[in-house]
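Scrolling down, you'll hit the structures one after another.
Same chain, two partners: chain A is paired with chain B first, then with chain C.
Up next, the complex of A and B:
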């Protein structure tokens, strides 16, 4: 919509001001040498120049444990439990913004999820331009997620002494309302922004050997690849890859009831397709009985299924699953290995089918 | 004015079910009971054959269950044939008539019955698969003139496991309708076929050109029945199947029923063989 300039020194005053306007402010802060998204009570704790967070900001839109409704098992009354508060998430990286764009799509498709929508409507996203690679496993440039999608309210770019502030929505304007330490950009400010943007690209490398647009087709022809068995042998089925994933949204639903067996709540909690019982039906049949099949399902969702179902990639290249995996199963290695297997299969002449001898 | 039950999902929350009363319970076998569920006045289910509902008991949980009565036999109430096989279904079996449960749905795409008009139909049911098929068979029998010949093949574990035996007799007496039963294990008094469901096929004389097949049964059954049907020349698009999957939400969110880009709860559970034949893990 429009661009503003804010001196970096004004950031703390801005955060304090937003808090005084009854916004809850969360953002990256340091904890035991890693970064987590957490409530910022002291603006000094907010770190916008951070590598990556342990969990993505998804946790504010789809909490790990969320009450869907409260019920009374005697009277059979039930009421939705949707409690939200105005929340500003600072410092969302562009990969995580792409993930939120997918979550938006999923939860507004078909029967829209009122719980997600309520969280999302109350949330203000202040994203930040990534100017250098954050961690070893990330491959955002290959996935096309190194620029911000339209989902942002405000988007910051670090210009050294100032932030360029892109205003992406009315909600973004609302956050800047009455704050005097922002100004309209001059010609030289535009030049500074463009120079920073031009300088950032060479810092990032393409880590996939194929183009992102090839992934759905590559995965289509890799359904029977021996690589899945190899990954299945290594996988510990711990589910960490899905826990840290910004686009994983699968959940379990359980009832919790008071000891008097009257009042209770129906709760959803994060679930993982890597856990053995995820696709088991009542008769006991398991549609993905092996770790190989479950890893295949996960990578297919990331590079093919979600794209086909929702038009957006299920992987945003953040690299968190690669960092979390205890046995070094990574999307970059997996996609590249499938690509190499495909390339070498092309190079090798296909075995000829011989006519049976009479 | 009646409200469609699934319209309530668009109000407060897609996860909130509507209370419903158990009108009657009929024990069917050692493990299955037939429940007639009455919706509160002013609500209608308006389901299609092959759709399912999510059944809740507050404090226990929720599970997807096929609707086994046809739309024309579901005026303000509908039937569920439930096997006691898990936490929710065990609790359901402990309830008495007059008890209250809660319902969401109906969900998914049922069978495209309008595409079956004027055609011969072969129904193939294995075990509890007869339940979702009954919603379709009843609809066809009730409107018998609109369809060609009807063949109903039904396999059970033993004669004691046969569900809907009264209905089977009624269907067998309908015009141009054959019912063929088989059991895996015999029992005293059984003089019918013994063997898996595919052993019934050699007894049938049918012409596949104008025929649709509707197959519902345990996962292991599909492959063998498909081989029989394809070998007799049925077109991929004329073979319909219904898939069972774990479903926690039924609204295309929780991910448990996902196979490929398909959410079985919303895009299924009924699929033509043409739709799923190239999907790994589907069968």
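Up next, the complex of A and C:
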């Protein structure tokens, strides 16, 4: 919508002001040498030039554990529980913004998810431009997630002494309301923004050996790849990749009742397609009983299924799963290995590839 | 609900430290309403009465002597539901460490010249002797999980004990991975549900809640090697609580 300039020195006063306006402010802060998204009570704790966080900011929109409704098992009365509060998430990286754009689409398609929608409506997203690669496993430039999607309310760019503040929505405008330490950009401010944006680009490398648009097709012809068995051998099925993923949203639902068997709640908790029981159905059959099948499913979702269903990639290249994995299974290596296998298959006479029937 | 209709429960112990029963006492303090929903007829750790008319038996401890088997079978005969309480009853517990040594030497080491007086043999989980309906794992058990398990039994459901690995729970708490801290951890092969209490306080998981279904032990061994552990250290790490389960897996192979 429009651009403003805010001196970096004004950030703390702005955060304090937002808190006094009854907003809950969360953002990256340091904990035992890593960064986590957590409530900012002291503005000094907010670290905007952090590398990455353990869990993505998704945890505020889709809490790891959430009560859906409460019931009385005696009277059979029930009522939905949707508890939200005005929340500002500071310092969301562009990859995580792309992930939120996907989550928005998923949870508003078909039967919209009322809990997600309520959290999302109460949430203000203040994203930040990434100026240097954050960690070894990230490959955002290849995935096309190095620029911010439209989902932001405010988007900050570090200009050295100031932040460029891109206002993306009326909600964003609301956050700046009455705060005097922001001003309209001058010609030279626009020039500064352009210089920073131009300078950052070469710092990031393209790490995928194919184009991101080739991934869905590459995965389609890789259903029977021997790579899945190799990954299955190594995979610990610990599920960490899915816990740290900004786009995973699968959940389990359980009923919890107190000891008097009267008051209860229906709770949803994050699930994981990597654990043994995920695809077990009534009668005990497991549709994905091997680790190889579960890893294949995971990468199919990230590089193909999500794209086909929602038009957006299921992997945003954040690199968290690569950093968490103890046996070095990473999306960039997996996609590249599949691509290499196809390339070398092309060099010899082409075998007939049978597409699996839908 | 009248007193007559309350389910009658009893607690028993075999070879163990009785720490799990202490945790039950602790649970009663956190959830005093438990006393309104069940009738405890036998609980040596907490009361003098010894009723034998129980429907649910919570059994702590492992089977380590021939006459434990007789008592376990009596309990099974009486109880509609038998619940293994804690790592000793569930996995054989730390008592099973001895299973890899010659028993005669073990007896000598522990009892000296009185070794002949004791007929102790391999330590086994109670499911090796009787059918067990449910398990509350851990060393000791988790009090909230115990309360949840009782609630489920009262509803006529089996306790919903997690069977996914500890890493899931630990990562949700945003703990620093033990491997990043240069420590060995059995989290990837161990059942979750303890609130990742050891990693949260800076120690690697020892596996007290037992193996997940189909654990990838070989791959975890490779991870431990990559983090500088020798074969001996790796075996030692997997000995504390997992000896019985690992020996069973080795037999199957």
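In the analysis below, the second predicted complex is superposed on the first by the 349 of 358 C-alpha atoms of A that agree within 3 Å, B and C clash if a C-alpha of one lies under 4 Å from a C-alpha of the other, contacts with A are read in each partner's own complex, and residues count from 1 in each chain.
Just so it is clear, a contact is a pair of C-beta atoms (placed from the backbone, for glycine too) under 8 Å apart; a residue touches a chain by one contact, two chains touch by 3 or more.
Note that the coordinates shown come from a computational prediction; the quantities given were computed from them, not determined experimentally.
*Asks:* Should chain B and chain C be called a clash or a fit once both complexes are overlaid on chain A?
*Replies:* With chain A aligned, chain B clears chain C, so fit.
*Asks:* With the two structures laid over each other on chain A, which partner does A:69 touch: chain B (first), chain C (second), both, or neither?
*Replies:* The answer is first: A:69 touches chain B but not chain C.
*Asks:* Please indicate which partner A:306 is in contact with in the superposed arrangement: first for chain B, second for chain C, both, or neither.
*Replies:* First partner only.
*Asks:* Which chain, chain B or chain C, is in touch with more residues of chain A?
*Replies:* B
*Asks:* Taking the superposition on A as described, I'd like to know which of chain B and chain C A:111 touches: first, second, both or neither.
*Replies:* The first partner, chain B, only.
*Asks:* What is the C-alpha-centre angle with chain A at the apex and chain B, chain C at the ends, nearest 10 degrees?
*Replies:* Once the structures are overlaid on A, chain A sees chain B and chain C at 70 degrees.
*Asks:* Figure out whether A:127 sits in contact with chain B (first) or chain C (second), or with both, or with neither.
*Replies:* After superposing on A, A:127 lies clear of both chain B and chain C.
*Asks:* May I ask you to decide whether A:145 touches chain B, chain C, both, or neither, giving the answer as first, second, both or neither?
*Replies:* In the superposition, A:145 contacts neither chain B nor chain C.
*Asks:* Once chain A of both complexes is superposed, is A:334 in touch with chain B (first), chain C (second), both, or neither?
*Replies:* neither
*Asks:* Could you tell me if A:257 is touching chain B, chain C, both of them or neither one (first, second, both, neither)?
*Replies:* It touches chain B and chain C both.
*Asks:* Could you state the shortest Cα distance, in Å, between chain B and chain C after the structures are superposed?
*Replies:* So the smallest C-alpha to C-alpha spacing between these two chains is 6 Å.
*Asks:* Shared contact residues on chain A for chain B and chain C?
*Replies:* 254, 257, 261
*Asks:* Given the complex with chain A, which residues does chain B contribute to the contact?
*Replies:* Of all residues in chain B, those touching chain A are 9-10, 12-17, 19, 57-63, 83, 85-86, 89, 100, 102, 218-219, 244-246, 248-249, 251-256, 258-263, 266, 280-281.
*Asks:* Chain C touches which residues of chain A in the complex?
*Replies:* Those in contact with chain C are residues 31-34, 36, 54-55, 64, 233-240, 243-244, 254, 256-261, 270, 272, 275-277, 291, 324, 326-327.
*Asks:* Under the definition above, what is the set of chain C residues touching chain A in their complex?
*Replies:* Where chain C meets chain A, its residues are 31, 33-34, 36-37, 147-148, 150-151, 154-155, 160, 163-165, 167-168, 171-172, 174, 176-177, 179, 187-189, 212-214, 216, 219-220, 222-223.
*Asks:* In the complex of these two chains, what residues of chain A are touching chain B?
*Replies:* Touching chain B: residues 68-69, 71-73, 76, 78-80, 82, 106-107, 109-115, 223-224, 249-255, 257, 261, 264, 266, 268, 271, 273, 278-283, 285, 287-288, 293, 297, 300-301, 304-309 of chain A.
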